[in-house]
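Below: one structure, written as structure tokens.
Chain nomenclature is as follows: A, B and C, assigned in order of appearance, with residue numbering initiated at 1 for each chain independently.
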Amino acid sequence: MLKIFSTIIASVIFASLAQAKETLTIYTYESFVTEWGPGGKVKEAFEKTCDCSIEWVGLGDGVAVLNRLKLEGANTKADLVLGLDTSLTAEAIGTGLFGKHGVDKGLAKTPEAWADDYFMPYDYAHFAVIYDTEKMASPPKSLDELVNGDPAQKIVLEDPRSSTPGLGFLLWMKAVYGEGAAEQWKKLQPRILTITPGWSEAYGLFTKGEAPMVLSYTTSPAYHMVAENTPRYQAAAFSEGHYLQIEVAGLIEASPEKALAQKFLGFMMTPAFQDIIPTTNWMLPAGATDTALPEAFGKLVAPGKTLLFSPDEVFKNRRDWVDEWLNALSK
Amino acid sequence: MFWKLTLAIALGFILGAVALGFLPLLWLGFGQAFHIDDYLPRVVVFTLKQAFLSTLLSVAIALPVALALARRQFFGREALLRIFSVPLALPAIVAILGIVGVYGNSGPFGGLFSIYGLKGILLAHVFFNMPLAVRLMLTRLESIPAENFRLAAQLNFSAGQVFRFIEWPQLASALMGIASLIFLLCTASFAVVLILGGGPQATTLEVAIYQSLRLDFDPARASILALAQLVTCGLLVLVAGQFAREIQVVPPTLARTRRWDGKSRFSKILDGLLIALGIVIVVPPILSVILSGVGSIRPDGSLFWASATSLLIGLASASLSIALGWVLAETAARQPRTFLKSVITLACLASLIMPPAVLATGWFVTLSPLADMSRYAIFLVIILNALMALPFVWSPLYPAITDSVQRHDRLCSSLGLSGLARFKFIDLPVLRKPLGLAFLMAVIVSLGDLSAITLFGSDSLVTLPALIFRQMGNYRMNDAAGTALVLAAFCFALITIAQRWSQSHDHT
Amino acid sequence: MITLENVGFRYEDMVMNFNLQVAKGELVGIIGPSGAGKSTLLSLIAGFDDPVSGRISIGGADMEGVAPDQRPVSMIFQDHNSFAHLDVWTNVALGISADLKLDTQQHERVDEALTRVGLSDFKARKATELSGGERQRIAIARALVRDKPVLLLDEPFTALGPALRRDMLDLIREIQVERKLTILMVTHQPEDARYAASRIAFVQNGRIAHVLPTKQFFAASAPVEISAYLRG
């Protein structure tokens, strides 16, 4: 009798000890944690390195993640946030929730040296105009050619007020044309098929054949070549350079799992994490990798010049630049 | 006393939910600066313009089509009416891709006109709302007493006279209600305007609110815009309510009425053309969805889970919606005072006037400090969906309950028949059809909803529309098309079941 | 006046067959258990249902293929005899012409009919504003202006109280005598038939089982089914 009793007690204690394993709650965007995204494999790989578990919270896209943090404020359940990009980081820091990551910045293999103390990058890709080779024999070779080209060959764009690729393209135009951006938008307008709320709708319209061009990433053709075995969709290389999107992760200062979060950020820069990224997130790894990239990645456009505003510049000017865009296109 | 209590609960629930959604944003906004720019009037004007034109087109087309359908019996009529319920069930993005597949640059009818602009918005709105109007009008037409048509036969009424003396009076009372509903749907329309609008020159209030809550995250602006929407739409609904004619006291016929009009060849051809018009508007985009998805369905775990989740949420929110709508309709029908009637009508149409994004954000702000939102997410989605379905429950149910109340109340009270007994023997048989239609609409609104699930969903709470969007977000366009097909098929099956149920006891 | 020869009809799973002869100027009551086919009988004569076999003739003319409005028949239903939202005068005027273009003479006929049924004060009122009995009188007025030789009544006074029913029946009988109308009246109140009809047809299971002069119908020597029904 006593034996049974003590066995029960022991197993209860054991079970509760097992659950006392630390849990790292990570807020991220939805496509990271779908069955085709990196989430599952990353969780598996990280949990091997520690007696811990990851709890993913998938929330829409990067913008939605940031907004959720703003709404939750100090009450946030997040220990770590993965999925903002550099156009959002200044705002994120402004919430006061993020803490310094303490990871060696030299581990970042981004096109430009990494200087942010609060966020570490995990992948990146340049924005690019993707075109349908079956509908377009000679794609534009520069932003200028895009702006001044034949209005019968249209492009689907995303809205900078509601999507990061949309914002990315707006910043691209700004980086190339500066003060004259508004005029260039007006010239581009007849070529714009429509402006969608997000990337999914735009890419959906593009693959349906509504327009021969769409604003997406240099890595998009890799998906089609690897998963669908078709070279039909390719990126256009622009001579002025391409705007860069770098996706980052950062930890929450007040989190009880801060140490674990730091560990994760370190893990994030290692091949165990980075090897997973290319064929699940379809972006370029921002850290060290062990396995070579799939062959298709070698066929991608590698921009000669990278365009990028600093997070602070974006933060300061975003509203004005979007208003300028709005005025240019609203007539 | 029973009714007063339930009314208070139902009304309180709805108004509370709306206030809880709206006020915290207003409060948040007080911290920041209020700026009303000259953007606002332009947006209001465009909102009203496209909604007005869409409503006009939808109703103008729906009326002759409904009249034609009421006159004719033909093979496949039932199936056609079921197909007419499908547009409402499709998530906007699916329907839009379907429309684009037919009328877009790559489609068979492409090049007729550019659908990226006001024309596209109107086309999509007619696709969504014309069939809805037809179904609602048909319900009214099918409740014309058989004797009226017999009289018409005996008195040798022409088609025009049948319309003037029999059909129009039945429809007129409901027309304002139907038009108001469609108008509100078009002002609240969102994905259509964003995707087919062609750019920022086509912005409605709802779109502006959405954009204020995204990158800008400006609750102050969002609440100002929401307030503008509330005032504009609220006023319109109240005004429209004044024009709603007195509901005619007619019993719903149970059997299919025989008609003697429309025997001429000309009449048959005309009706045929009208019905063909209805088919041409509704069927091709749905066909496009089917064709895109055929062969792309992935029958795996995520599909089954999403289907189960969709079904569960759909049934739960429809039940809640019916419960609320029923109570409110019963009270409003007995209410002599127009003020309370208007308040109740507004409450039922609340979700169309107050954008779900605003409600969801407001609830979040209020409730998240109190509890872990992820655990209650499913309940919030159910409540939000129930509110969103309420206008569609109201539309078929309110006229039917008004009829029933006017005909049965005195008899029932003289017999001492009330409560459950009355419900079982009197109300249920008589209200079976509109109730079935109302429940069905509530379920399909929930099935096709993307906004509530986007705002509260997570990777553990995935419905079919959410799955579609996820697949699209991972480049998997074909998979998404397949899931869309599953969703459409699912809806069609539910529609068929509901229709069978509501007609099952239909013989005299 | 009215002859039904082997008129066959199928309603759900009931097969009906009617044989009946009605002389001109007669008022024949039609009585029987629910679902026996009484309303269908009238419906066939009026032309709202088509028989699958047999022959219906009215005034010697074969009614095969003749539309309801072409038949020399007016019919009053149990309810919904008027268009609720139209006024009384228009409701009756529709009996003359559906386009409501009446010449002076026709105008007068409508006024006369309304006076005859006692509704002239209600000319401008909407039909919904009238009581049940008053609404049925609209139908009678309309039948008057249509001036057809045959009048079919399908339980028209069921919803009215006994005194009112009596008044209505008196009115019907007066009009019948004046205009020599042939009337078939379906009723659930045997006493109404007793009061107004000269003969009564007993309908059972889709057939006219018996046709008897009123006195014999109510006598003790009547066939078993009839006595059973009356006592029932």
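Criterion: a residue touches a chain if its C-beta (ideal position, glycine included) is under 8 Å from a C-beta of that chain, and two chains touch if they have at least 3 such contacts.
All figures in this text were calculated on a predicted structure; none of them were measured in a lab.
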*Name the shape of the chain contact graph, picking from line, ring, star, complete and other.*
line
*Most central chain, Cα average position*: B
_Chain pair bearing the highest count of C-beta contacts_ = A-B
*Please report how many Å separate the Cα centroid of subunit A from that of subunit B, as a whole number.*
36
*How many angstrom lie between the CA centroids of subunit B and subunit C, rounded to a whole number?*
45
*Cα centroid separation between subunit A and subunit C, in whole Å?*
81
*Mind pulling up the subunit C residues that touch subunit B in the complex?*
12, 46-48, 67-69, 73-75, 77, 79-81, 83-86, 94-95, 98-99, 128
_subunit A partner contacts - residues on subunit B that touch it in the complex_ = 39, 42, 93, 96-97, 100-101, 104-106, 116, 191, 194-201, 210-211, 213-217, 302, 361, 364-365, 368-369, 372, 374, 454, 458-459, 469-477, 480
*Enumerate the contact residues on subunit A facing subunit B in the complex.*
30-31, 33-37, 56-61, 63, 66-67, 70-72, 75, 77, 154, 159-162, 167, 189, 192-197, 199-201, 203-205, 207-211, 220, 223-224, 227, 282, 318-319, 326, 329-331
_subunit C contact footprint on subunit B (complex, rising order)_ = 145-148, 150-151, 153-158, 161, 165-166, 169, 248-250, 258, 260, 507
